[in-house]
Every structure is written in C-alpha cells, then in structure tokens.
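The following blocks contain the structures, represented as structure tokens.
Both complexes below contain chain A, partnered by chain B and then by chain C.
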Partner chain A sequence: MANIKLTIDNKVVEVPAGTTILEAARQNNIHIPTLCYMNLGDMNIENKPGGCRVCVVEVEGRKNLAPSCATNVAEGMVVKTNTVRVLNARATVVELILSDHPADCLICAKNGNCELQTLAQDLGIRKISYQGEQSTYREDTSPSIIRDVDKCIMCRRCETMCNDVQTVGALSAINRGFEAVVATAFEQNLEKSTCTYCGQCVAVCPTGALTEVDHTQQLIRDLADPNKTVVVQTAPAVRAALGEEFGNEPGTLVTGKMAAALRRLGFDHVFDTDFAADLTIMEEGTELLGRLNKFLAGDKNVPLPILTSCCPAWVNFFEHNFPEMRDIPSTARSPQQMFGAIAKTYFADKIGVNRKELVVVSIMPCLAKKYECQRDEFSVDNDPDVNYSISTRELAHLIKQSNMDFNNLPDEDFDNPLGESTGAAVIFGTTGGVIEAATRTAYEVQTGKNLENVDFEQLRGFEGIRSATIDFDGTPINIGIAHGLGNARKLLESIKDGSNKFHAIEIMACPGGCIGGGGQPLHHGDSSILKARMKAIYSEDENKTLRKSHENPYIKSLYEEFLGEPLSEKAHHLLHTHYFDKSKNDIFID
Partner chain B sequence: MSSVKVKLKKTDIDKLAEVCKSFNNEPGELINVLHKAQEIFGYLPSEVQEVIAHELKVPVAKVYGVVTFYSFFTMTPKGKFPISICTGTACYVRGAEKVLDEFKKELNIQVGDTTADGKFSLSCLRCVGACGLAPVVLIGEKTYGRVAPDDVKQIIKEYMDQ
Partner chain C sequence: MATFKYHLLICGGTGCKASDSDGIITSLNKEIKEKGLENDVKVVTTGCFGFCEKGPIVKVLPDNTFYTQVTPGDAAEIIQEHIIKGRKVERLLYTDPETENHIADSKHMGFYQKQIRIALRNCGFIDPENLDEAISRDAYMALGKALTEMTPQEVIDEIKKSGLRGRGGGGFPTGLKWEFASKNEADQKYVVCNADEGDPGAFMDRSILEGDPHTVLEAMAICGYTMGADKGLIYIRAEYPLAIKRLKIAIDQAREYGLLGKNILGTDFNFDIELRYGAGAFVCGEETALIHSMEGERGEPTFKPPFPAESGYNGKPTNVNNVETFASVPVILLKGADWFSSIGTEKSKGTKVFALAGKINNVGLIEVPMGTTLREVIFEIGGGIKDGKKFKAVQTGGPSGGCLTEKHLDTPIDFDNLIAEGSMMGSGGMIVMDEDDCMVSVAKFYLDFTVEESCGKCTPCRIGNKRLYEILDKITKGEGTMEDLDNLKNLSNVIKDTALCGLGQTSPNPVLSTLDNFWDEYVAHVTDKKCPAGACTDLMNYNIIEENCVGCTACARACPVNCITGERKMPHHIDQAACIKCGTCMEKCKFNAIELI
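Moving on to the complex of A and B:
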C-alpha cells in the first residue's frame, strides 16, 4: 500500500495509507490519550467506536476537532495533538464523564488500576465544572462477575469482547441518551444470560464497572480458623503473570516466590494444579486413544473429534450454543476439579482429615473457575470439591495485605504429594499447551516408542485457529486448536458442516489461553504482555526434568495406591463429568 | 423494562420465521423485521424478540438493544383504545400539555403505558394536519378537536363500557 506523508506536532511522518492519525502518532512516539479505544493487534481485536472523544486532535483546514482513533491519515495533513483548544476539549470530555461517575475512587476495586482515574490524573483534572444528575442502575452479582453499571462509561469494550471476539452475545448497549447502559437481554441478571463467565469483559473494562467476585476475605477467615486444614492449588498461568503485580517485567516467572508467599500466608499445604493437569492428561489422553483406536479399527460411530474440557468458560459456551454436540468433548473434569476431588478423598484420607474440615482453595487466572467450583456435580453432600477460587489479581492483593516483600522472598518448592508436576502440565497455561501435553503422552502410549523431541512447535503460536498433523509412527493424527470463543465457534461450525476432519481439538476460551484469562493482571490492551507470559510458560516447561505427564512419579503412585488405572470406575466417579443442555434457559419459547 | 409474559403459538412463530425469511434472514435487516413484527403483534414482547434473534442469528441482547433504542418500538401492548395527544406546535400552544396531564391523571398512567385492564394506552404524536382543531386528541380512528382539560373525563367515559 502506498505511503502517506503528513505532519503531526510539527514532525513530518510517513505511514501506510489507511493508518489512523492515532496509530500514526503512536508509531512516532506521540502518545495521544485514549479511553474507549482498544487495540489488541495480534489478535485482531479492535474497539474504536469514536465515542469518548478523548483522543481528539486539531486537523488544519477542518472546522471540528477530529477523533484520531477513527480518522484516517491523508496526504499533506497537518495535525496538532496538544493545542489549547485540544487540551480544553479533552479536559471537558473527561470532566463530563466524571460528573456522572461515582466519586468513590479510594475504595473502588479498580483503585490504582483504572484507566479513567489515570486519564484524569494525566490531564491534570482538579475540579469538575459540571454538576448534574447521576445515572443509577441496579448492581448485578453472578457467581463470577459483578456488574456495577454506575461506573460504566459506555466505552463498549466489553461489548466488543462479548460479541465480536467471543460471540457469546450476553451484553449489548440498550436504551438511549442518558438512560443508555450496557446490559443483558431484557435486563436479566448475568446469571440468567448466555454469559460463560470467561471474564474477558472484566479484563478490558477501563473502570470498576465490571469486576470479579472477591473471595479474599473468606480466605483470610479460613486461614485463621484452627479447625480447618486449608490447602491451595495454583494454576500454571498464574506463575507467569503474578510477578507483574509486584513491578516485575511481563514474562517473569515467580513460581518459587509464589509458593513461598502461599506458605507464609498460612496455607497448610501448598500444592499445584499442575499435578492435576498431569492427571488430566492421563484420563483425557486415555479417552482420546480409546476413541481413536476404535475409529481406526473401523467404528464410524465413535464421537470424534474429541474436544478438550479443561476450560470452564468453554464448557459453558458449548452447553449454551452447541448442546447437540455435548457427547464430543472429553468427559474429563478440569484440572481444578480433578485436584479438588483427589484432595478431598485420597489426600484427606492420607492426612486423616474429614473432607468437611478440609478447605480447598484454587488460585486461577480465570473467573469462570469461580462458577465451576459452584457447579452441583462437583460437590459431595453440599461440600464442594473446591471450596472457592481466587484470581491472580486477588492473590496479589492478599500478598500485599500480608506485608510481604514479595520480590525478596526465597524460592521455595511445592509440597508433596499433590505439588509435583511435569513440563507437560505447565504448558496447560497457554493456547496449544493442553493438546501438546496430550500428544507427548498419547504418542508414547500409542506407539510404545520413546518420544525424543517433546517440543511440538507446529502446535504453538498465537494464531486464533491453528491445525497440524502429527505423525504417530505412521498414523497421521489431525489436531485443531482454537483460542477465543469466536474462533471456537468457527471451528465447531466447520466440524458440523463436515468441512474439517480432526481427531482432537483443543479449545481455550480466552485469547492466548489461560495466560490471557479474565483473572490475570490487567494488560490494558498491550498484547506483548501475553506473548511474554507465553514465553515464560514454555521456558518453565523446558527447565523441567520431567516433561511428560505419565512420568510424574506421584501420578504413578496415585494410580497404584488409589485409582487403579485411567478410566477405572473410581477414576470415572472422581475425575469425569457430564454436560447439560443450557440452550433451553436462553430462550423462553418451546 | 416493561414486558408482558406471553406464550407464542406455533402459528405466531411460523409467521415470524416467514417475516425473517422475506428479508433473507439478513442480520442487517433487523430493524425492518422488527417493524413488520410490531405491525403483526402490535408490540414486541420478549418472546417475539427471541424468535427474531434466533432466525437472524443475532444475540437476543442486541435485538433488545435495538428495541429499547428506538422510541417507535414498544414492549408494552397498546390498549384496546389507543389515545394519542397531538403535541405539535399549534396544539401545544393551545394547551395540549394540560390535556395530556389530565389524561395521565384520569387514567393514572404515563405516556407509553397501558392501563392495567388493557383498555387505554397513552402516546403523543406530532401534528395530524388538523391544526384548525387544536388541540387534537385521537382515540383509535376517531378525532376530537378543541379538547379542553375539562372534556377529558367525558371522553374517557364514552369508552368505559365498550
């Protein structure tokens, strides 16, 4: 495409045609402030409704100020981004937004992490010249997400994530003018909508309008209760992001410090969800091979492709949108739930504690996990296998409250037996990781040969939908991968209409996989952060001595002492689940 | 939100599917489809919106967003006798607002609402082209001219027993 020359703040710059003024400026180190604008370029996620008007600039020869996010460059254009007129307009816009915004910044869940707050500070807003009516709307609390619409500034990023990226369609702007809010269909509670609790709306909300349900107070009480044994499990993606909350560069691995911090917080046993990820591979991998071998033997009725089932938002998504395909996903529970089931049986027996006195807490990069803990099928006599889940962000808060100097903590190990894991488990935290882990084990089990190179580069990457064929010693196995629910939908449609034939598919609901989960430290639109986390995950895998799930010695003894073998009756009972048709809830008509 | 719970008959659902089909089930035709649907049902209850969302493959939340954005669309069924008060310039300067207030008071409803018994609904419109008769009130097809607030009680009474 042809290049275009223009002047921004007296600097002559050259950019490709079709570039917006905002992008042209940013490429040349001129940082025009934005509020509603969001661009996650690597994932084709863009939100530029041109609604907030914070990014306005002066364009010579144009009467009105131009929103730089939605105005393309033109040859010879002369742009000024910081004239008095522009600064005044920007200040006015922000003051008007603040005039209809609760002034409870100091006690807001997003205090210190709010883009509106930062903008007001950067623009030096010291007074609000406008006083008028404040819009109010009821608060809506679901098992995972809290909507406090009074703090909504109608940037509509959540709508972009929910509709365009995730194709969940739970949220839409409704009403008009002052009455306009982002809401669900017929303004029902989120719990009654098609929401999957993926939390991507929370991940991109610039203010405190969308936040997670916070369990830290309950956790503090449980840790202080002498009658309770409290164990913790941490998901793979947490260790690759938690450090950011303490000023570390994105991609800094803090596995050891995290284990140390959890021990100092008072957990009786510091375990790892990675252990359960290895267990997942044993169950899911065996299920995959079972179906595959039946298929290869000529049984055409066997449900293929097998779909991964680790991601609770993905499970919610297919229960709502593809209930007719619910016999295809693996019946394996997610690692979080496998951990809970094993902790409250095998481990509780080992330490001689009644399951009701054992509190299992999970640290997750995810908000849907909060909902998953509460699913009826994952509790015994009203005692949930996992009592509750807290996000990476909540853990960071908790560590800060506990007066720990996180960065100077020593590196410590997880406890045994539920803390040992292989590299295969670590990569569960990123898109492509679960299927790579499954391939490492399935290959060896199927072919009986030792896998020399465990790095399946063809399964890695950032592309929304990927596919690869892996040679299982002469048998080609077709694998599909999707991250982001919109991509998952596309992949599923292609299976439905028969245009794609896969043997196994991995799906993660969040862009990037769990590293980009709704409970992770906020990336504020910087997708390089996700890439850094992904790199960290693969480097942790590389540094592990054991990199195949079936080599985990504690997994071996779990089967020997307790479960028997993968897919045994006991394993079925504790480690597998079934799915529901939730589409009926979505529509009132019969 | 104000909506009445209804159960759509199979024939209603088929009719809606037919309407959507006449617009090739194009998501971009949502507004046209809603217009047609409101013509058929008189209003757009949530069940109608769900069928349309299903047919056009758009989220129900989006359909609801469009319905609540445009004042033309309503989720409240119109009364048996829809009352429209002209608040165009001529009627307005000749006291339409006072007439409107009287209707609100007598029927105990706001503009856009329907009485609990489903008999009357109240709306405003702009100029019916009978400015000589200002202020003008329409009830169904019938026109009332030079209406004074004192006339309102009597007008309503005409329809009470119908």
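Moving on to the complex of A and C:
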C-alpha cells in the first residue's frame, strides 16, 4: 500500500495508507493517551468504539476534534495532539468520567492497576469541575467474577471480548444515555447468563468494574489454622507470568521463587498442577487412542474427534452452546480436579489426614477454575476436591502482603510426590500445548517406538485456528487447535457441518491459552507480553530432562500403588467426569 | 366513472383525526345519504392541510371554500346551506385577525400566501389511500421518465443540478450522495428512507407519509434506479400507526399496479420496498444508528467513514435520505432542475417544510421557499405571537438547534445562514417563544430531551449533557454561581468538539445560543436570584397584597400545605418557608390579592 505523508506535532512522518492517526503517532514516539481503545494486534482483536473521546486530536481543516484511534491518516494532514484546545477537551472528558465514578480508589481492587486512575494522574486532574448525580447499579457476584457496574466507563472492551472474540454474548450495552452501561440481558446476574467465566472481560477491564472473586482472606485463615493441612498446586502458566507483578520482564520464569514463596506463606505441601497434567495425558491420551483404534478398526460410530476438556470455560461453553455434542469431549477431568481428587484420596491416605482436614488450594491463571472447583460433581460429602482457587494476581498480592522480597527468594523445588512433572505438563499453559503433550505420549504408546524429536513445531503458534497432520508411523493423525471461544465455535461448526475431519482437537478458551487467562497479570492489551509468556513456557519444557508424561516416575508409582492403569475403574471414578446440557438454563427471567 | 358536483376534502391527518375528523366524515356521509346526494357529493379523506391551528379543516371543491374548526355537528349545516342552497356557512370561515373579514378561499389567507408547496404538493388534495388520485396528480410519472428516457447518471446529474440538499438536517447535497452510492459496486445495495422523525413538536415527515405516501415510494424507486439497488427499506417509528397503515396500503397498491416489484413499467428494473419499525429513539435518526437498529443491533452511531454509501445496511452500499428529501425528488425530474433551483437562495435551493409551534397564532405545517425570513414565517404565515405578547425567540433545528432572537428575524432562512447565526435548519421544527418564556428553562428543556435520547456511547454526550442539564437545573433553582456559567460554556464547547455523532455535537446548541443571546437573563438568575420571565417558580414567591385581601379564606382553604393563615375578613399571610409554589391560591383568589414576585 502507498505511503502517506502527514505532520503530527510539527513533525513530518510517513506511514502506510490505512494507518490511524493514533498508530502513526505511536510509531513516531508521540504517545496520545487512550482509554477505551484496545488492540491485541496478533490476535486480530481490536476494540475501538470511539466512545471515550480521550484520544482526540486537532486536525487542520476539520471543525471538531478527531478521535485518533478511529481516524485514518490522509495525505498532507496536519495533526496537533497537544494544543490547549485538545488538552482542555481531553481533561474535561476525563473529569466527566470521574464525575460519574466512585471515588473509592484507595480501597478498590484495581488500585494501582487502573487505567482510568493512571490517565487521571497523567493528565494532572486535580479537581472535578462537573459534579452531579452518580449512576448506581446492583452489584453482582458470581462464583468467579464480581461486577461492580458503578465503575463501568462504557469502554466496551468486555463486550468486544465477550461477543466478538469469545462469542459468548453474556455482556453488552443496555439502557440509554446516562443510564447506559454494559450488563447482562435484563440486568440479570451473571450466573443466569451464558457466561463461561473465562474472565477475558476481567482481563481487559480498565477499571474495577469487573474483578475476580477474592479468596485470599480465606486462604490466610486456613493457613493459620493449626488443625488444617493446607496443600497448594500451581498451574503451568502461573510461573510464566507471576514475575511481572514484581517488576520482572514479561516471560521471566519464576518457578523456583514461586515454590519458595508458597512454602514461606505457610503451605504444608507445595505441589504442582503439572503433576496432574501428566496424569491427564495418561487418561486423556489413553481415551484418545482407545477411540482412535476403534475408529481405525472400522467402528464408524465412535465419537471423534476427541476434544480436550482441561479448560473449564470451554466446558461451560459447550455445555451452553453445543450440548448435543457433549459426548465428544474427553471425559478426563481437568488437571486441577485430577489433582484435587488424588490429593484427597491417595495423598491424604499417605499422610494419614482425613480429607475434611486437608485443604487443597490451587493457584490458577484462570477465573473459571474458581467456578469449576465449586461444581457439585467435584465434591465428596460436600467436601470439594479443590477447596478454592486463587488467581496469579491474588497470589502476587498475598506475597506482597507477606512482606517477602520475591525477587531475592532462593529457587526451591516442589514437594513430592505430587510435585514432579515433565516438560509435557508445562506446555499445558499455552495454546497447542495440551495436544502436543498428548501427541508425545500417544505416539510412543501407539507405535511402540521412541519419539526422538518431541518438539512438534507444527502445533505451536498464535493463529486462532490451526491444524496439522502428525504421522503416527504411517497413520496420519489430523489435529485441530483453537484458542479463544469464538475460534472454538468456528471449529465446532465446521465439525458439525462435516467440512473438517479431525481425530483430536485442543481447545482453550482464552486467547493464547492459559498464559492469557483471566487471572493473569493484566497485559493491558499488549500481545507481546503473551508471546513472551509463551516463549517462557516452551523454554521451561526444553530445560526439563523428562519431556513425556508417561515417563514421570511419580505418575508411574501412582498407577502402581493406587490407580492400577489408565481408565481403570478407580481412575474412572476419580479422574473422569460427565457433562450437562446447560442450554436450558439460559433463561434470563425468573 | 361517476362525476361529482362537489368534493368535500377532509383532513385525515393525525392531528385532525384527534379532533374527530372521522366523526365529521360520518356525519357528512349521513347527511348526504339522507338528502339523496350520493351521486353529487363525494367525501374524500386527505392528508394534512397544514393549518392545524384551525383544524379540523373541510374544503369544498370546486369553489375552494375552506371551513375551519369543523365539528360533526356542523355537517348538516354544510350540506344544507352550502351544497343544497349554495350559501357559504359564514361562521365556519376563517376570520382574518387584522381585518376581521371572513376569508373563504385559502389562497387569500396570510397562512398560505407566502407558501410554495413542493414536498407537500399533494397533501390535502388527494386521498392518500387511493393510488388513482395520486396518479391523477402525476405520481410515478417521474419514475416512468427516469426509467424510459434517462440513464441513471442523467437522473443523478439532474438532482445534482437542482441543488437539492438533505432535508433531515445535515443539508448534504442529495445528488452527490446518490452518486457515491451508485459508484460503489456490490451484489446488493439498499435505498433507505429515514422516517424516524424525532424532534419534539415536529411532524413534517409524518404528514407527508400520511398525506402522500406514493411520492416517497416513487422517489425511492428512482433512487434505486440511479444506484443499482433493488431493495428499499423505510425505517419508521412505530408511534406513527397512521403513516404505517397508509404506507402499507400504498406499497400494496403500487405492487398491484406494477409500479413496485419486478420489471417496473415494462423495463428490466426491479424494486421493492419493505417497512422497518423503530422504537422511537431520537438517535436512530442518525444514519449509522438507524442502520444498526435495522440490523437488529443496538441503535448506536458508529464512525464515518465508512459512509453508508460504502458499507451500510448488512455491510452493503446504502443510501439513506429523509422523507422530505425524497418527496422533493419526483417533481424535480418532472419540472426540471432549473425550475427547482430558481426557488431558494444561492446555496439552498427549493423549499423547506417547517412544523410551526409554540406561542404562535397559526400553529401548523408550512412549506416556504428557502430564503424566506424568520419574520415572514412568524408574523405573516404564523400570524404573530399569541395573545398579543412580545416575541422573544425562535428555536429552529429542534433540540440540536439554537434560539434566535429579534435581531435575527430578517435573516433569510437557509442551511448556511442558520448555522452562521448559531442555530441550524435541522429537520424543520420551529418553536416560537414569547416574553413569558425563560431562556434558561428553555435550554434546560432541550437538554432534558437530549439527556433522555443520548445513546450513551460516548462520554461527552452520556455524562457531559447530563452535567449541562444539572448546571441549568441549579441555575433555575437560584443555586447557580458565576463559575457555573463558565463551566456551562466550557463544557458546551467541549461536547460540541468531542461528541461522536451529530446528536452530541449539536446538543449544547440551545445552551450556547441562549448564553450568547440571553446572557443577562442567566446573570439575573445567578446574581439576583430572579427569573426575569417569571417562569422559574423556585425563584418566585407568592405574596398577598394586603390592601386587596378581603379575608375571604378561599386561598387558605385551597392551599394543599396549609401555609396560609389569617383571621376571617382580615388580610391573610403566606408562610414562605412552607409554600410549595403550586399557585393554587392565586387561582382561587377572586380579588387579585395574590401576586407572584
């Protein structure tokens, strides 16, 4: 495309046609502030309703100010981003937003991490000239997400994530004028909506309107209770992002420091969800091969493709949207729940503790996990296998509260027996990782041959929908991958209409997989952060001696001592689940 | 075909229907039948005559007698006197307020003398539910001419040459808009008629659709021919049931006659029209919001570009024009661009329909050539201010317009002049105010409307307008400060400068224009805590004039909060702290002993 020459703040710049003023300015180190605008470039996710009007600039010859996020450059354009007129307009607009925003910054969950707060500070707002009525809405708490709608600034980012990216459709703008706000249909509780608790709305919300349910207080109490044995499991994606909360570069791996911090917080046993990820591969991989071999033997009724089931938001999604396909996903529970089930049986027996006195806590990059561990089918006599889940962000707060100098903690290891894992488990944290891990094991089990190169580059990447064919020693196995529920929907539709024939499909609800989960440190729309986390995950895998789940010695002894073999009756009882048709629950009116 | 000696035309517009024009029709038909005149007299229900102040109207043809404020009880006299005896019913004729003479023929009334009716040319002349009557007044002739004698480009050129500009408020040249839409290639294109009339007190579009629906259908087909669209959509608010009913009838009739549908008039041109109902959101008059609403999305505007001409309804090239714009098109093709452009001013050609309302004698629907002055409209056509009061201001352009004053009265009305004076043409609402109107309250009234009608998408409109309203409210309650006036001005300018769509960009106009033209009135509210017009009750006190008070106790008995005390036959007293300023005491007092100061 041809280049366009224009002047921004007296500087002549040249950019490709079709560039917005905002982009043109940023490329030339002129940073026009924005609020509603969000661009996750590599994932093709853009939110630019042009609603906040913070990014307005003066364009010569134009009668009103132009929103730079949505105005394309033109040849010879003269743009000014910092005139009195612009600065006054920008400050007035932010004052207006503040005039309808609770001023409880000091005790807000987003304090210090709020884009509106930062903006007000950057613009030097010291008073709000326009005081008046403030909007008040009902607060809504679901198992995972809290909506404090009074803090909604109508940036519509959550709406973009929920509708355009995830195609969940739980949130959209309702009402008009001053009453306009983003909410569920008929302002019902999120629990009554099609929400999957993926938390992508929370991840992009610039203010405290959408936050996670906080379980840290409960955790502090349990840790202090001498009658309770508290064990912790940490998901793979957490270690690739937690460091960001302590000023480290995105992509800094902090596995050892995290283990050290958890031990210092007072957990009795510091375990790793990765152990359960290896276990998942044993169960899910065996299930895959079972179905595949039946299919290859000519049984055309066998449900294929097999779909992964590690992601609780994805499970919610198909229960709501594709209930008729609920016999296709693997019945394997997610690693979080496998861990809980094993911890409260095998491990509790081992240490001689009653399951009711054992508190299993998970650290997750995810908000849907908070909901998942509360599902009825994952508890025994009202005692949940996983008592509660806290997010990466909550863990960071907890570490800060506990006065630890995180960056100078020593690197420590996880405890055994539920702390050992292979590289295959680590990559569960990124899109493509679960299916790659499954492939490593399934290949060896199926072909009986040793897999030399475990790096399946063809399964990796950032593209929303990917596919690859893996040669299982002469048998081509077709694999599909989708991340982001909108992409999952497309893939599922293509299976339904028969245009795609896959043997196995991996789906993760969040863009980028768990590294981009709703509970992770906020990336504020910067996709390079997600890429750095992904790189960190793969490097952790590479540095492991064992990189195939079935080689994990503790997994081997778990089967020998307790479970028998994959898909045994005991394994079925503890490690598998069933799904529900939730489409009928999607009724908004009581 | 029967030939009638007399035609009795009766307004069947929404306004006159509300004044029982249906009852008049029933009574007239009954009288005609009783007198055995069925073959001589025909009663025709038409669209709006425009002179709503004097409605319901009954017009007798061929002698053009114009009866005003007719009731069903007048039917017998009209038939007996006028039809049978040939004598006009004098008491039902219009009385010229100056000469006090009866005027029988509307042509000679001040209200009609300065008007030129182009968009309204058939309103009040034909039965809108009868296609034959429309055809007798050249309906679909222009479509025929376009399809058989002109290329699409020639039609566009003719419209461009005529200088027709969008009547919905924007004033964008219609021919250019059509040309853009015609140049964008696509497998499907749409013509959309914007009938989402939303200005308070405006009923131009409704009257056209109720009185002459075929002219709009015809123009949409012509537009479809120029841009290569075979589908037309009319976005009309559901609160216009009569217009909807007549449009449906008109569409059915046009289809039946082969004037809509496949191979229109034997050519290979196909065009059909469907209705889409709006829920009456003002912002859906903005074309992008209108399109989103039609698509089933939230009625919110989005940026232009892309313009609807590139990507409109369902992402296809779409041309959106207002009802009145369409209504002007067929006659341009028939009479020629030169004829049309000979009317009006240099940059605003043709005529404009206004809904004249407020403190004016002749409330109604008028159509005047561009360039007519506000003075001519208000004092000659409108008959001046009601009850002999003094003219104070006129609000043009609806809630987005500004208030113009005495000094603007000789401004020729056109798109550019009104903008230059701080107001705008808008879709044609015109509300006249007199000395009793408080301009701060007027600004507050319009802001109340825009606050209610904002879609809430952009900050300045969602919160800014609300804050403007709150400041104005404070001022009318006597709680304003001079700093508020500064804030009012700054905030208004920022909203104009930053709002996303036309609604927000123009919503501060009533504030800015009243600040400009009535600054002293604002200051009086703020510093003296007085409302010079006596309209802001919070700034007024009811007071008993002791020398007039006879102590009849009527006021004290009527006061709902019992704040008036006094002995019988002794002057009474109002407890100002308890008074809720309802005005009941003043209404009840027969001795002019209560004043408002």
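FYI, the second predicted complex is superposed on the first by the 586 of 590 C-alpha atoms of A that agree within 3 Å, B and C clash if a C-alpha of one lies under 4 Å from a C-alpha of the other, contacts with A are read in each partner's own complex, and residues count from 1 in each chain.
Please note the rule applied: contacts are C-beta pairs under 8 Å (C-beta built on N, C-alpha and C of every residue); 3 or more make two chains touch, one makes a residue touch a chain.
Since the structure is predicted, the reported quantities are computational estimates derived from the model, not experimental observations.
A.B. asks: Please indicate which partner A:I479 is in contact with in the superposed arrangement: first for chain B, second for chain C, both, or neither.
C.D. replies: Once the two structures are laid over each other on A, A:I479 reaches no partner at all.
A.B. asks: Return first, second, both or neither, reflecting whether A:R85 touches chain B, chain C, both chains, or no partner chain.
C.D. replies: Only chain C; A:R85 stays clear of chain B.
A.B. asks: Can A:S99 be said to touch chain B (first), chain C (second), both, or neither?
C.D. replies: Touch partner of A:S99: chain C, not chain B.
A.B. asks: Looking at A:C52, would you say it contacts chain B, chain C, both, or neither? Reply first, second, both or neither.
C.D. replies: In the superposition, A:C52 touches chain C alone.
A.B. asks: First (chain B), second (chain C), both or neither: which does A:I30 touch?
C.D. replies: Touch partners of A:I30: none, neither chain B nor chain C.
A.B. asks: In the overlaid three-chain picture, which partner chain does A:S172 touch, first (chain B) or second (chain C), both, or neither?
C.D. replies: both
A.B. asks: Regarding the shared-chain residue A:A183, is it in contact with chain B (first), chain C (second), both, or neither?
C.D. replies: first
A.B. asks: Identify which of chain B and chain C touches the larger number of residues of chain A.
C.D. replies: C
A.B. asks: Return the residues of chain A at which the contacts from chain B and from chain C coincide.
C.D. replies: 172-173, 175-176
A.B. asks: In their shared complex, at which residues does chain B touch chain A?
C.D. replies: Touch list, chain B to chain A: 1, 3, 8, 13, 46-47, 49-51, 53-54, 58-65, 68-69.
A.B. asks: Spell out the residues on chain A that touch chain C in their complex, using ranges where they run on.
C.D. replies: 49-54, 56, 64-65, 67, 70-72, 85, 88-89, 92-93, 96-97, 99-100, 129-130, 132-133, 153-154, 172-173, 175-181
A.B. asks: Please name which positions on chain A make contact with chain B in the complex.
C.D. replies: 163, 168-176, 183-187, 193-194, 586-589
A.B. asks: Inside the complex, what are the residues of chain C that reach chain A?
C.D. replies: 281, 283, 298, 300, 302-303, 305, 451-467, 470-471, 487, 490-491, 494, 496-500, 505
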